[in-house]
Amino acid sequence: MKEWIYFFDLCGTAVFALSGALAAGRHRMDPFGVIVLASVTAIGGGSIRDALLGTTPVFWIRDPNYIIVILATVLLTLIFIRKPKKVPQYTLPVADALGLALFTVIGAEKALNLGLSGMIAVVMGLITGVGGGIIRDILCRQVPMILRTEIYATASIFGGISYTCAIAWGLADKVALAVAMISALVIRLAAIKWHLRLPAFDLKKT
Amino acid sequence: MKEWIYFFDLCGTAVFALSGALAAGRHRMDPFGVIVLASVTAIGGGSIRDALLGTTPVFWIRDPNYIIVILATVLLTLIFIRKPKKVPQYTLPVADALGLALFTVIGAEKALNLGLSGMIAVVMGLITGVGGGIIRDILCRQVPMILRTEIYATASIFGGISYTCAIAWGLADKVALAVAMISALVIRLAAIKWHLRLPAFDLKKT
Amino acid sequence: MKEWIYFFDLCGTAVFALSGALAAGRHRMDPFGVIVLASVTAIGGGSIRDALLGTTPVFWIRDPNYIIVILATVLLTLIFIRKPKKVPQYTLPVADALGLALFTVIGAEKALNLGLSGMIAVVMGLITGVGGGIIRDILCRQVPMILRTEIYATASIFGGISYTCAIAWGLADKVALAVAMISALVIRLAAIKWHLRLPAFDLKKT
């Protein structure tokens, strides 16, 4: 894998580990519980992707750096964030958005690298991007972000489509990654900021 | 795979995608959320089956038609079903029952094709049949159907046993499939219609 | 695999199947629902481990004894435990603790056998030990044990660390297994008995 993609992958791991650790703190989990929730959030999506692709053992078994990044992130979180007041309201959703954008592109890149089609690459980006957060929300018994009406899966799908199109159009890898990541991130952050939502499919009985 | 089994597999994908899309509509999800929920419902069970069997990449990565069927089903659902009133009360459970019956037989068939025992084939039918619906219900924070007291897993297990016995007794594949699918479907539909349930194992403290 | 490890593995399967069956009884599930819940509890963690490691088909597909042990356990539970009063208050948590200790060591042992590092072995022990219980709790819509503040994941992580250290220090396999299992079990049982908990990471807004 290209070094800078690897670097972004570890960054995504750190921000998702942070988002898992913050969610754990809101549920008053003990330090080892924090490690578990940070881990499933950070490597859950990529693990599902690798298991479905059959590229096993999954990535974090082959490369211990992912676990080390998670442990370091949890340690720093436990040391430096001791009071709820120190966590600005938007920290968790913004960390989640950054991880979503990074992991979407990385998931799509891995699928294209395996010679899979653009459509499957978008799906793999989506699974990598939203998988960990869904597991985190289910374990915390919160409404999964993906269920809330704000734009979420949409941002990942748009990021994946941008990336695969950019690659198909012959853009340089770095440019494609930047374009796709920024588009997913901007869409998601705008959705958080202004509570944007697409028109809902509404079958709710009133 | 035989063509007509493939055809039934795509039918099962469509009805489970419909059931996922209807569930998404009840939670007012946006169109991309609908696609996600329809997809996990339609291909979740088979994905777990393939990951456990190690027949990876899982089926829908190898064959894009599954994703295409899901996208088409979601599109048609979004276009034609716009009001709750248009969805008769039993649409979701009946679609779910049809998918359950179809996927149970297909899961059992795949296991037998790999040379696995009848017992494992029944389990694989069960995982394929109920897996997607369980993920859908967990994501929607509903009581998983499998937890409710009505006959549900039972229908799938009976369907799987019928199929493996019919094959073991030397019935033609088509006959075995028809017998098993109809028996699972009839059991499940009867359970929906008359609220049939087996005697419960009751340790609830009162 | 060594015979006595295999024996312990089947014991762990039985106690986790019991814990799943008891949880099913509390939700008044029918006999086939009981089988499903007992099965996911007993083989869920190991299945995730094998899928992540890529040692597929997963263990219970290769060896039917696991399913047979589960079916026998469910049958005995259904026959002999008919009234809530007959289940002492601590039965479920103690069965869960025993399974946790057994499966942690077995998961770590399998990882070391594959030549993986001690760190990954601890993670594999954790996944094997807590995976099934988490799925059981999610299906039953209970707060996953791992989320509750009592020492839980911690017991598994300590057991895994004990085992990998004991093996690294050259202790005989049987001694290492006994030391690790007993340490995990004692930690967990003590936590149940005296409601021990580690200091929580508390970001709950009051």
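A, B and C label the chains in the order they appear, each numbered from 1.
Rule of thumb we're sticking to: a contact is a pair of C-beta atoms (placed from the backbone, for glycine too) under 8 Å apart; a residue touches a chain by one contact, two chains touch by 3 or more.
If you're wondering where the values come from, they're calculated on a predicted model, not measured in any experiment.
Enquirer: Once the contact rule is applied, which chains count as partners of both chain A and chain B?
Expert: C
Enquirer: Shared numbers divided by all numbers used: is that above or below half for chain A and chain C, i.e. same or different?
Expert: different
Enquirer: I'd like the Å distance between the centres of chain A and chain C, where a centre is the mean of that chain's Cα atoms.
Expert: Centre separation, chain A to chain C: 29 Å.
Enquirer: Specify, in ascending order, the residues of chain B that touch 2 or more different other chains.
Expert: 51, 54, 56, 138
Enquirer: How about chain A: which of its residues touch chain C in the complex?
Expert: The touching residues are 21-22, 24-36, 39, 47, 50-51, 54, 56-58, 61, 64, 67, 77-78, 81, 83-84, 87, 138-141.
Enquirer: What part of chain B is in contact with chain C in the complex they form?
Expert: Listed in rising order, the residues of chain B that touch chain C are 51-54, 56, 116-117, 119-120, 123, 126, 130, 134, 138, 143-144, 146-147, 149, 151-154, 157, 197-206.
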